[in-house]
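What follows is one structure encoded as structure tokens, with my remarks underneath.
Should a chain be cited, it is by its letter among A, B and C, assigned in written order, with residues numbered from 1 in that chain.
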């Protein structure tokens, strides 16, 4: 009996020590996910959190970064800049050095500012802000920062792509602009006017509306105004509930205008549109699974996501972010943010959507852009549907990264390069 | 402002106003009884929406339309019996604070049970689709349903309060509780009934509002602010006032959104030069559409200063 | 065995001990709790103490229930952060450490402005109009992005003032320096507001709370009194707002929201509105719930709401009244008889509480984490959320705890009521000692 228990004890000790050694060899890098998980925008935040969790799982499973495991830690910021700063503090207290955020440029500005201030006041405890979807151009221009990296095409790049496509659509005559009343919405308005004036001066802008962000549940009045102005086209940067409910109201009121959007491929919009959006809604984005070859890398992730979470995987930037980090970790053999940041500058690699480059002047990722339209699933150009509606996105045009690339006024202060 | 826009705005405004009235009527009754505003009223509106969602998932929307308000009313009666009655003896302020704390708890419980994101509370097939077409705009059946339901509710309330015995007892107990008790009626039971009834009305508004708009946890906060305006503007304790105020607020908010005129714009049309350098430009350039969310609260503050008892206010109702 | 009352002549030793002790506590706390989040918590507590005390000037001392007090602190915060930005742009010269006074000043300006129409009435109409003004200001804050900054708010940098008094490195960047700035203003405000309660205006405000008609009869204008109280209260609220602007370096529409107004109401009420130190306790407890608890569990608002409602129902005088009632029992030597009942109530209550907490945490996890992990850890214990055993255990805990608690509570109440009756008799017989 004693010998048996001694054996058991020895075995236990051995396994403890070896697992301890194994643990000591892999390091866990925690990534704080600071985005809304309550309120009207919660479905978007929740979908993207799961996206990150799945990509992190795949990265750990396939060992993208040698000796490093990824862990995603969610924080609910309720879409509020103040809450986000609290979340940042809480994340820093948990020794998290990498933050991801993307829903809401107002939050992104606060976080970028907060990260810069913290890093300045606490040398040696740097934090990196990986912005995967907040697309106000100022974040990589007047307000650029060495600690901020953007993985989505910014609003001006997207408008450049969108208007390039619209330039050839002769049926567009009267355009109505409707956007959310905050920094990003105003950037969309400005860019739309500027770029349309440049490429299609004959087009008339019959309306320019802004509405409060993430508060409106009844868009019927706005739709009535769009109709009253005689619009045949609507350009909107709306996302989340603001886009889903706008399109739902448009369907209810029988509005037949075409919608050119940034975010029609995000959570909730497909269900709101259904068949009424057939061939009328378009979006500009950096990836469309239906444009990939069968069995592509993106398709595999999409299928796995669907079976695990019963939801669509559309925020491909979640892959870009973690892949970029993994490449940087491998290149520098370190997870120190300063070294990683220098490694990410100028990095090029083959991403799910082709070759991408993290431009080192302004930390803005350069990648292709697609314009896609809402069509029935036909097994050839549209193989996957969205939100089980039987309809999906068909890519109409792919624009190379240099087409939409924008000049930058960024003049960032860099820390001294570590050895 | 085309005739199409005007007509659609009017219809949208009236249907929204009638929904507000469904909510406000219950609150008016409760206020007449308690003398304090029930902060948790909008929370019962939200509960009605969630109960309606849950019941419609189990047995269907139309049974839910009947059962959810009953459930909300029952819950309201229990709250009155075990919570409010106890606090009543401490005075007005604790009563107000109790309902305030209650609204907090209800929102949290809803989030615990149904989660934080909006729930997929869809219109039943009978309410989907269009009722009629004005010029080129279609008017949804669901909106028409709101109007019908509100008017029916109003009729029913009027009949109960003025033509039935219990209604007369309620009216009397609201204004002369001691004498009614002396006459042998169980005034405590009447109060429980009124509180439960008010909550049931809120629940009914919630079932309908939940499917026409979005069912999610912050719907209570949004509705609560507007309801408060309606009650105060209409005159606390007056059902007719609540009706007038609901329609007024509904139409102002809806029409306001449709008007893109600003003081700067009008001045410029008349010939004055208004530019970003003009003093106070930030105020002049605001269009009515941008100001629309603020208009009800502006009206509220003005009424409270100028005519605190509201448009038709008396406590009797 | 009676306790000797604390002497007031010639030196009020009790008062010096308490205030000195508080000052010592302010100085020493951040040196004991060194972690970042503990210091942030202390800083936020300090700000909320000032805010809650200013609110109690209205509620507890003058009987004015306001639902829009965040308007004054929020507007003060906006002016403070704009001042900070002006300092940073070298357009004005002003010390950063005095920026809270700017917040206080502008809070006071709006107190004068909004105070006049609102204080015409008291009671429920006053509460309504403060709610209305609160909603109005909040809605306006999104209409004037030039001043309010729209959705993103206004950001500032608290280190723009350079070094404080030329001392190198003392630029309010590090958390601990901001804490001491807040502690300084907090202590000063506490003294000021306490002193105010002893001034004629403070005393008359109490009279207006208790019997406004009589006050009119003795020749005071109740409306004028209320207005003056509001002005002073809004000064301190603005001061708290200014400190908030320095601490967070961002001011958004939330600073004037109904949520902030509700929060300070909760804090003041939880602590107890009848005693000066009540809101201080309330601010500490509220901060604990909102900030510390918020980091641990998603259900913190439910706990806070339930706690608040229970207090309203069973102890409307707040925590301070509970403390003082027990102190009175202790000072008359009757605490021994309550030892066993208290123990019983405490044990059964804790069991019930544990059961309820587990129930809530499990339910939260089920509804909010669908598709994620299936175990949660509560108090370092892992629990399987989907197993029948866990749920049976929790339900048993709740039911058992409830039964035991109810039994213990009745026993306690019997003993407590008996003691209270004895105390009443004693007071009647010894009026000079009470």
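Simple rule for what comes next: a residue touches a chain if its C-beta (ideal position, glycine included) is under 8 Å from a C-beta of that chain, and two chains touch if they have at least 3 such contacts.
For clarity, every value in this text was computed on a predicted model and none was experimentally measured.
Among the other chains, A has the CA centre that is most remote from the centre of chain B.
Here the largest set of C-beta contact pairs joins the chains B-C.
For this pair, chain B with chain C, the centres built from the Cα atoms lie 32 Å apart.
Taking each chain's centre as the average of its CA atoms, chain A and chain C sit 39 Å apart. Separating the CA-averaged centres of chain A and chain B is a span of 38 Å.
In chain B, 111, 116, 290, 293 are the positions where the chain touches two or more neighbouring chains simultaneously.
Annotation for chain C: residues 142 touch two or more other chains. Shown for chain A are the residues that touch two or more other chains, namely 212. On chain C, the positions that touch chain A within their shared complex are 35-37, 40, 142, 150-153, 155, 157, 159, 173-174, 248-250, 252, 254-255, 295, 298, 371-372.
By the touch rule above, chain B contacts chain A in their complex via residues 1-2, 4-5, 8-9, 12, 16, 111, 116-118, 130, 133, 136-138, 140, 142, 213-214, 216-219, 222, 254, 257-258, 289-290, 293. Chain contact summary for the complex, chain B toward chain C: residues 35-37, 83, 86-87, 90, 92-94, 96-98, 100-102, 104-105, 107-109, 111-116, 221, 225, 228-229, 232, 282-283, 286, 290-291, 293-294, 297-298, 300-301, 304-305, 308.
The part of chain A that touches chain C in the complex is made up of residues 50, 53, 76, 80-82, 85, 89-90, 92-93, 104-106, 109-110, 113-114, 117, 120-121, 181-183, 212-213, 308-309. By the touch criterion stated above, chain C contacts chain B in their complex at residues 65, 117, 120-121, 123-125, 127-129, 131-133, 135-136, 139-140, 142-144, 146-147, 258, 262, 265-266, 269, 299, 301-302, 304-306, 308-309, 312-313, 316, 360, 363-364, 367-368.
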